[in-house]
Amino acid sequence: MKKYTEIKDISNLQETIKDAISLKNNPFEFEDLGKHKTLVMLFFNASLRTRLSTEKAAKNLGMEVMILNVNDAWNLEFEDGTIMNANTSEHIKEAAQVISQYADVIAIRAFPSLTDKLKDESEFVMNSFVKYASVPIVNMESATAHPLQALADAITITELSKKAKPKVVLSWAPHPKALPQAVANSFVEMMQNMDVNLTITHPKGYELSKAITKNTPINHNQEDALKDADFVYVKNWSSYNDYGKVLSQDESWMMTKTKLGNAKFMHCLPVRRNVVVEDAVLDGEQSVVIQQANNRTFAAQIVLKQVLEKL
Amino acid sequence: MKKYTEIKDISNLQETIKDAISLKNNPFEFEDLGKHKTLVMLFFNASLRTRLSTEKAAKNLGMEVMILNVNDAWNLEFEDGTIMNANTSEHIKEAAQVISQYADVIAIRAFPSLTDKLKDESEFVMNSFVKYASVPIVNMESATAHPLQALADAITITELSKKAKPKVVLSWAPHPKALPQAVANSFVEMMQNMDVNLTITHPKGYELSKAITKNTPINHNQEDALKDADFVYVKNWSSYNDYGKVLSQDESWMMTKTKLGNAKFMHCLPVRRNVVVEDAVLDGEQSVVIQQANNRTFAAQIVLKQVLEKL
Amino acid sequence: MKKYTEIKDISNLQETIKDAISLKNNPFEFEDLGKHKTLVMLFFNASLRTRLSTEKAAKNLGMEVMILNVNDAWNLEFEDGTIMNANTSEHIKEAAQVISQYADVIAIRAFPSLTDKLKDESEFVMNSFVKYASVPIVNMESATAHPLQALADAITITELSKKAKPKVVLSWAPHPKALPQAVANSFVEMMQNMDVNLTITHPKGYELSKAITKNTPINHNQEDALKDADFVYVKNWSSYNDYGKVLSQDESWMMTKTKLGNAKFMHCLPVRRNVVVEDAVLDGEQSVVIQQANNRTFAAQIVLKQVLEKL
């Protein structure tokens, strides 16, 4: 693997998932692979799970880890040809080349503005690092994608699935703040590569990008969509069409134990209780969110392993 | 040791102190014990000594250390049943379970509000982690206790004591800010378990919780209390009864070389010079504050060692 | 080496540079030297390159690294005899002695005020640590000096120089903010110790301290100064005489490809494009800024190596 910034960077998904599950049983098996190799983790935004699980994954492989909150240093310039006499102190061209010399792999988290759709969709932070860095880039959630989360989700579904082609439903939920589409996007793309039956349900106006959903069925009737589901992935996102807007906080879209039926409940966390999902679901036996979070380590570890093997 | 959130988690104090002093002479003796084990340090509040000494202790034992300033990420919810549509993004139930999967031990620092006595005394942060985490919890100073500091203090007194039952005085001192009772509480509880003669002195109104002091003598006359002391532990705390209030900044309670007599001077640091204690004491040979701070490493190390041995 | 806070702490520059270049070819050769040794990095100011390169250097030598942003903890007091009843919580005397017990080497970054010249020139942060710490101090940029940068610069010039006594020009450049003289000072002092022909060029009013420049030629005509240069080091600094002031933002002082001639372009980074230097220079083959930044690792590593050898 030469980088992991998007789902399609995985060449063999089934084998990757199998290898991740194997790492989970023996996390230190490849602890010599990362010897004398350094992961630099760059955070443009806050993180708990991604930070800890990715750091843990790297250390399981024997890597050194250096963590930098970029905003604690200074603002980077991403535009070409700018006269940098205002708020930016360093151009991405220099920053990416320089950091590449201290790192064998660079992992980056950079959220979208949710105000400038074109700029967000250009993935200028992630893609500028891909362009100017001389080492592999790993996406720890970008403007439009969260591929490490999606890989952890795929691992979790593989571990738990009891049938050949499980029904998986991605269900929108209300939230007081405008959130990115990144998790939903990557989950949809990942499921499209799995042997599952995927349905998306959300209120009208919450359509994800057509470039992502393609011909995945969308159902605006949540109850109907959830019928006979094996896995229900709940997530809020802000509007893609009316970009970054909160169009609805309709409480009737909150996930409940009744609606869930016999399905497993999935969420990437953090989750707002009794807004996105009721306590009864999270505290019940059908919730697999803790297992999902644990799989973040092994998703990151299998990606770093494949990246290290290509260095 | 299954956790170390309060003094009474130590089962054999004398042996623990002896082992800590032995670690000080040979800090890397157990460097294989922590192999493949991770300490996650969670800071809800700033730290210098506790941060560095605990990180050092873990590394001396061969552990990996991951440090997270929780407030840099987001606010945690600690109440049950809340509709989380306001300022909190993640419930402690999820956070504690998730972090447990990335950690073999979790160490936590979380100061009191000093405004809500009942809530502070409930130790809701520390106790919620104890309740929901699946790995041992170590207290790096909580609302009402600082047991790692108290253990370092006990080690220091043991190293320096020249008599069978030394006289130890805890003396309140003035301070411009309202400070927690945590250090004083844990010091009192620790001394109650040591073979020492403990007296507490403070202005009226500064009584610590009766549940802590029990039948330890309290003397409002500082000069009288200090007579023939072998160790004088100076510390400010805000009022417990008039909760969190600064009732006095009476400069006459500042510790001086004259008052100190022949006693050793102790303080947990940081200390405000010429407010809590005069320069002549800190710069003199009777001050043992630097040795105390050094013992923070070995207090943390013996605790982590005992925790690792029970995993 | 007992410390590295100023250029003159290097006893044998030629050999040090040679050894640094050798480390670059074999960075893990001395990975046992730092075993059981801890570098504590204290940041009073933000850092990207210095942080990552110094951390990397220490880890290449097998050291443990602990990083503390001092301002996240509390303000330190540096004055003697103060009544500490205001904004400072801990005196440098305690802080330096305490941190020394957790560290084998302490590295410090502390920028100048640029308002109080006497205080800045006293180097009170760096010198207080030198005075009170019991372990070696390494300067990661102080009020008036950046000796690790200067050593990286010397390594770079040595690697690239094709003639016996190359002409090196330090050329002032415009910048919207008031910047320290530290980089320029240390570069001048370092070059004075190298077998190079050094000239300084800047607008009138931007004279560096006479104590630094000594008899190094200063030319206020940039074009004339740059003639036949082999290396052009471009850097902004604020006025030393009219202390900390921005006297000019004259765009005609920006470095251009035309002005550069056949010289190599050097800058410590971060650099503001099209303010300090035009894109054509940075994107061209004469720019060696990325190589300079890479040499930061080996400058730090040779310094730490020499410090460790003297412990």
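Side notes on the structure shown:
Order as written gives the chain letters A, B and C; numbering starts at 1 within each chain.
Note that in this section a residue touches a chain if its C-beta (ideal position, glycine included) is under 8 Å from a C-beta of that chain, and two chains touch if they have at least 3 such contacts.
Chain by chain, the UniProt names read as follows: A, B, C = N-succinylornithine carbamoyltransferase.
Quick caveat: nothing in here was measured; it's all calculated off a predicted structure.
Chain C is reached from chain A by a rotation of 120°, derived from superposing Cα atoms (nearest 5).
At the interface between chain A and chain B, two copies of one sequence, fewer than half of the residue numbers in use appear on both sides, so the contact is built from largely different positions. Mean C-alpha position of chain A lies 39 Å from that of chain B.
Annotation for chain A: no residues touch two or more other chains. Against chain A, the residues of chain B that register as touching in their complex are 36, 38, 40, 64, 66, 68, 70, 72-74, 77, 80-86, 88-91, 93-95, 97-99, 101-103.
The touching residues of chain C, when paired with chain A in their complex, are 28, 46-49, 51-53, 55-56, 59, 69, 176, 269-275, 279, 282-283, 289-290, 293-294, 297.
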